[in-house]
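Chain naming follows the written order as A, B, C and D, and within any one chain the residues start at number 1.
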Amino acid sequence: MVTPMAAKAGIAAANRPWAFRFALTTENVYRPLLDAWLKKQAMPIKKVVILMDAKDAVSSFDGKTVFPVLLKEKGIEVLDTVSFQTGDIDYSGQVTRAKGRNPDGIVVSALYNEAAHAVAELRKQGMSQPIVAGVGINDPRFIQIGGAATEGVMAASDFFADNPEPVVAAWVKEYENRFKQKPSNASGEMYDTLYLMRECIKSTGVIGSDLKADRVKLRDCWANMKNMQAPLMGATSIDKNGDATRVPTVLVVKGTAFVVAQ
Amino acid sequence: MWSSYWDSVAVFLGINVLMGISLYVPMTAGLISLGQGAFMAIGAYVCALLTKANVPFLPALLAGGAVAAVAGLVAGAPALRIRGIYVMILTLGFGEIVRVFFLNFEPTGGASGMGGIRPLTELWQVVLACLIAYAVAWRMRHLRLGRAMIAIHEDDLVAEAMGINLTRTKLVSFSLGALVAGVAGGFYAHQALFIDANQFDFSRSAITFLYVVLGGVANPFGSLVGAAIVTLLPELLRVVQDWRMTVFGTILVLIAIWRPDGLLPAPRLRRS
Amino acid sequence: MLLHVDRITRRFGGYAALNDASCEVAEGLVHALIGPNGAGKTTLFNVISGVLRPTSGRVRFQGVDYTGSRPDKVLTMGIARNFQHVRLVRGLSVLENVMIGAHARIGRGLLGNAAEFLGFAVAEKAAREKAREMLDFVGMAGKAEMQPDNLTLVDQRRLEIARALVSDPRLLLLDEPAAGMNAAELNELSALIRRTQVNGLTVLLVEHHMRLVMSVSDQITVLSAGTIIAGGPPQVIQRDPTVIAAYLGNGDELALHS
Amino acid sequence: MLAQQLANGVMLGSTYALVAIGYTLIFGVLRLLHLAHGEVFMVGAFAGLQVVLWWQFGPMAALIGGLISSAALGMLLELVAFRPIRKRGNSHLAPIVSTIGAGLVLQELMTKLFGAEQTPFPSAISHVVYHLGVISVTGSQLFILSVAIVSMIALHLFVTYTRYGMAMRATSENLQVAAVLGINVNMVILVTFGVASALGGIAGVLVGLNFNAISPFMGVEMGIKGMAVMLIGGLGSIYGAMVGGLLLGVMEVLSVAYLESSLRDGFAFGLMIIILIFRPRGLFQTGIRAER
């Protein structure tokens, strides 16, 4: 059983050996993202504040557990974790509290809508510190709602619709012709998962005659997957927990779109 | 024909009927609660926790109801000195507080809710619970407690002058209703198999209110009719898929205008 | 003394509806409380029945001071009452209205209630029978199943008396039971009040109908402008000049107009 | 820092106050809960958005657009969801059912028009930051505060000095007596709904302008809070609603700033229940006793 996009922690690990996850766990996304974010800053970042959505399960898990662990790994102190709720209208209280801590940088872990509000309020209250955000914001509407305030916000994602890579660009064009709208993160992940599953079926010669044996073959194909080339997201391996590992694309908001960060 | 789809609709209908009765009981004493969702949540979480510690289903259900009943006493207390609309908004507030509590209460899963609940609810259990609840609600009208509640609803000065302890009767009626809502919550948890705070928010309490007022406040079977309409109508309206809620909302307005006191009249006095 | 009203004062804002009023009601008698409109009769009545809390002063029943206790406590002590403007429960039948009066009598905690739910509530049947008896007693035998709204005013008053009597009170408080009654109904009412005397019931009657008061009561207390101005048997009160002045205004006023 | 938080609280509170005033006006006159008032607030926001998007006018025009459309909607709701019920016997529960129904209709209509997701509301006001001593307040926040204050003063003047204002107060004292005194009660109720809904519309536009995104479901949350504020302030008391709104706004922001944000809603209702226990008729106890 392969979930293309579930981001919930430990889903594959909890259902060994039959469950696998194609989407990167947030930990595997955020580690390279933080590296890129820290390297890119003119001034070193020693102290951060985390702004997170306490109501959304994935965002609150990232905000409470994933980010703090990775930040500690990189010697960065988390001054304060300020939370808000999905659907909140007012973020002024949270931002003023964050401002009071005067951090070097800000980590936002929320869905695109709330993240856009929080970032807009940060800039509105005159906080110019660099911002890095969780996977929740990987959606064009983040920039639409947040507006100019989202400039320079860094994030990372498996699939990135505006990736200049020829293979990805061609696929995105075909998607837009068929469905008249830009593919989202999920569509890319779904495509690659099915592609790899097909590769496994071809490589193990499964033809559906013997269900019990076929199941084991496919399971092993996924379990031992090493650097198998996924068309959109590149070389993918599966770790012992059944989670995929690969190099995610690090993005930054420039103007009205996400672009690949250099 | 009785596909599992209709089976689950029937179970949820039964649960909604129980919720209707849970509001009918305090309303006979004039206590209009917009917070029954909170008691349902308490019952659901308590019952689910117990069955996870593999306590058998029936005791877990009753325990859920009992804890909800105690919560009913807590919520009922401030409601004693106030009337009508205050009780509505106060219980609404109580409902929001309970929702926020479960949103942050980690032992029951907090924001991500509680899953992995065993599917123990069966239709016959829910039907039986409804029958029992109706028997009690109907019989109660002809018993001391029921009479006291009706008297309090109409004229609490007279009720008190006739020796009825207002506080005790109101609290009993409020926590009795909470108990029924708690049991309904227990059934819900073991039918939906995943519960989180937002399933028991204000809209849940408002819909429960609809069951009773739509069906007819003065008649215990009013909540049955109301629950049936409000639960089945959206299902039947699937045909107008896009405009389902608009049609449903319009129907509510029309019924409210056509039968302000609800569809079923107050029951004729029993000839004895 | 069954009931002792000791220097009761009750103010509504600046206005003293009752001003230092004291009186006593002897056991087993019909004690009438009369006075012109606005004399404070109903206020005193509400203080005695626990519906109103006095500003100052005490009320004692069988020697026990019950000032300020809740109306339901007052009833369980043995003081039952009717209401000047009839207040019946529309949602219940005539019989059920009477049974409410017996509420305190058949209450017995959770177990009793549980028994009732299961249908073999002995006390419930007893209360039903007693209520039926009371309805016969006040002459409304056939009307047990009627809706209170469909009763005549007189029947509604009788129903309230039945509702009060069903709780076996020691003191029955009647607030203007004769209001709106014709001569025949008045006679029936005074006969009913005398019938209640048979088992030694004490009655405190607030009333305007002098004919009923004089014919039924053993003792009379006269209230005027919140203070008690006279007390005694009917014959004495009838000829007491201060009482007449309070009712009719004193003589010289008459002289002025003629 | 505290000063800035108080400013944030007042900002948020002023929108709560405007919505609560709508509730308390309607309750004052009819003694009824208007459960679709949250949706009136939401429709006002979307109307304001249309003015800004289609005709590229500034915030003032958006306000007027929001105000007018909400007032019209409010009056329509009175005619559809309240008056017929009032004519057929005065059930006080039925209007709640009809307003819930009306609310559902409005939510679905707006979802069909604007989609269920948040719709961006371009901030037509510059985000220039003004520094008043230690507090930094943006242009839009100042705009909101001033509009809220002006609306409240205008309402006070309307209620106190205009003919309809006094008729409104008489009707809220006693509907039957007002009718006997020759006041066209139905017209007064209609005007009350107009004024109350207009305030709700203004609040909607202000929220859109300041928080830059609106959705068809923003009315539900705001509606519940509005009712809580009405109770905190005292049923039927306009000034109570104003003070109660500001109080709730400040309490919420402080609870977020110094405690955990998820306690925010719990805090709001905790405050309401505490006030209900100690002052059962709210801070500004009016003569209006909601008996039934």
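Couple of notes before you dig in:
Heads up, the rule we're going with is that a residue touches a chain if its C-beta (ideal position, glycine included) is under 8 Å from a C-beta of that chain, and two chains touch if they have at least 3 such contacts.
Keep in mind that this is a model prediction, so the values were computed, not measured.
Considering the contact criterion stated above, the chains in touch with subunit B and with subunit D alike are A.
Looking at subunit A and subunit D, the chains in contact with each of them are B. Of all chains, the one whose Cα centroid sits at the greatest distance from that of subunit A is C. Every chain gets a centre from its CA atoms, and the centre nearest the mean of all protein CA atoms is that of B. Contact counts per chain pair peak at B-D.
Subunit B and subunit C have Cα centroids lying 42 Å from one another. Separating the centre of subunit A from that of subunit C, both taken as means of CA atoms, is a distance of 80 Å. Taking each chain's centre as the mean of its C-alpha atoms, subunit C lies 51 Å from subunit D.
Within subunit C, no positions touching two or more other chains are listed.
Residue positions 103-104, 111 of subunit B are each in touch with at least two other chains. Shown for subunit A are the residues that touch two or more other chains, namely 54-55. An unclassified topology is adopted by the chain contact network, corresponding to no line, ring, star or complete arrangement.
Those chain pairs judged to touch are A-B, A-D, B-C, B-D. Contact residues of subunit D toward subunit B in the complex are 27, 31, 33, 35, 80-81, 84-85, 88-89, 91-98, 100-105, 107-109, 112, 220, 224, 227-228, 230-231, 235, 260, 262-266, 268-270, 272-273, 276-277, 280, 290-292. Across the complex, subunit B meets subunit C through its residues 136, 139-140, 142-145, 147-148, 150-151, 153-155, 157-166, 218, 266, 269-272.
On subunit A, the positions that touch subunit D within their shared complex are 54-55, 82-85, 87-90, 92-94, 96-97, 99-100, 113, 116-117, 120, 123-126, 141, 144-145, 147. Across the interface of their complex, subunit B is touched by residues 49-51, 70-72, 74-76, 81, 83, 87-93, 96, 99-101, 103-107, 113, 116-117, 119, 121, 124, 127, 145, 147, 163, 167 of subunit C. Partner subunit A is touched in their complex by these residues of subunit D: 1, 4-5, 8-9, 11-12, 117-118, 120, 122-123, 127, 129, 136, 138, 207, 211-213, 217-218, 221, 252-254, 256-258, 260-262, 264-265.
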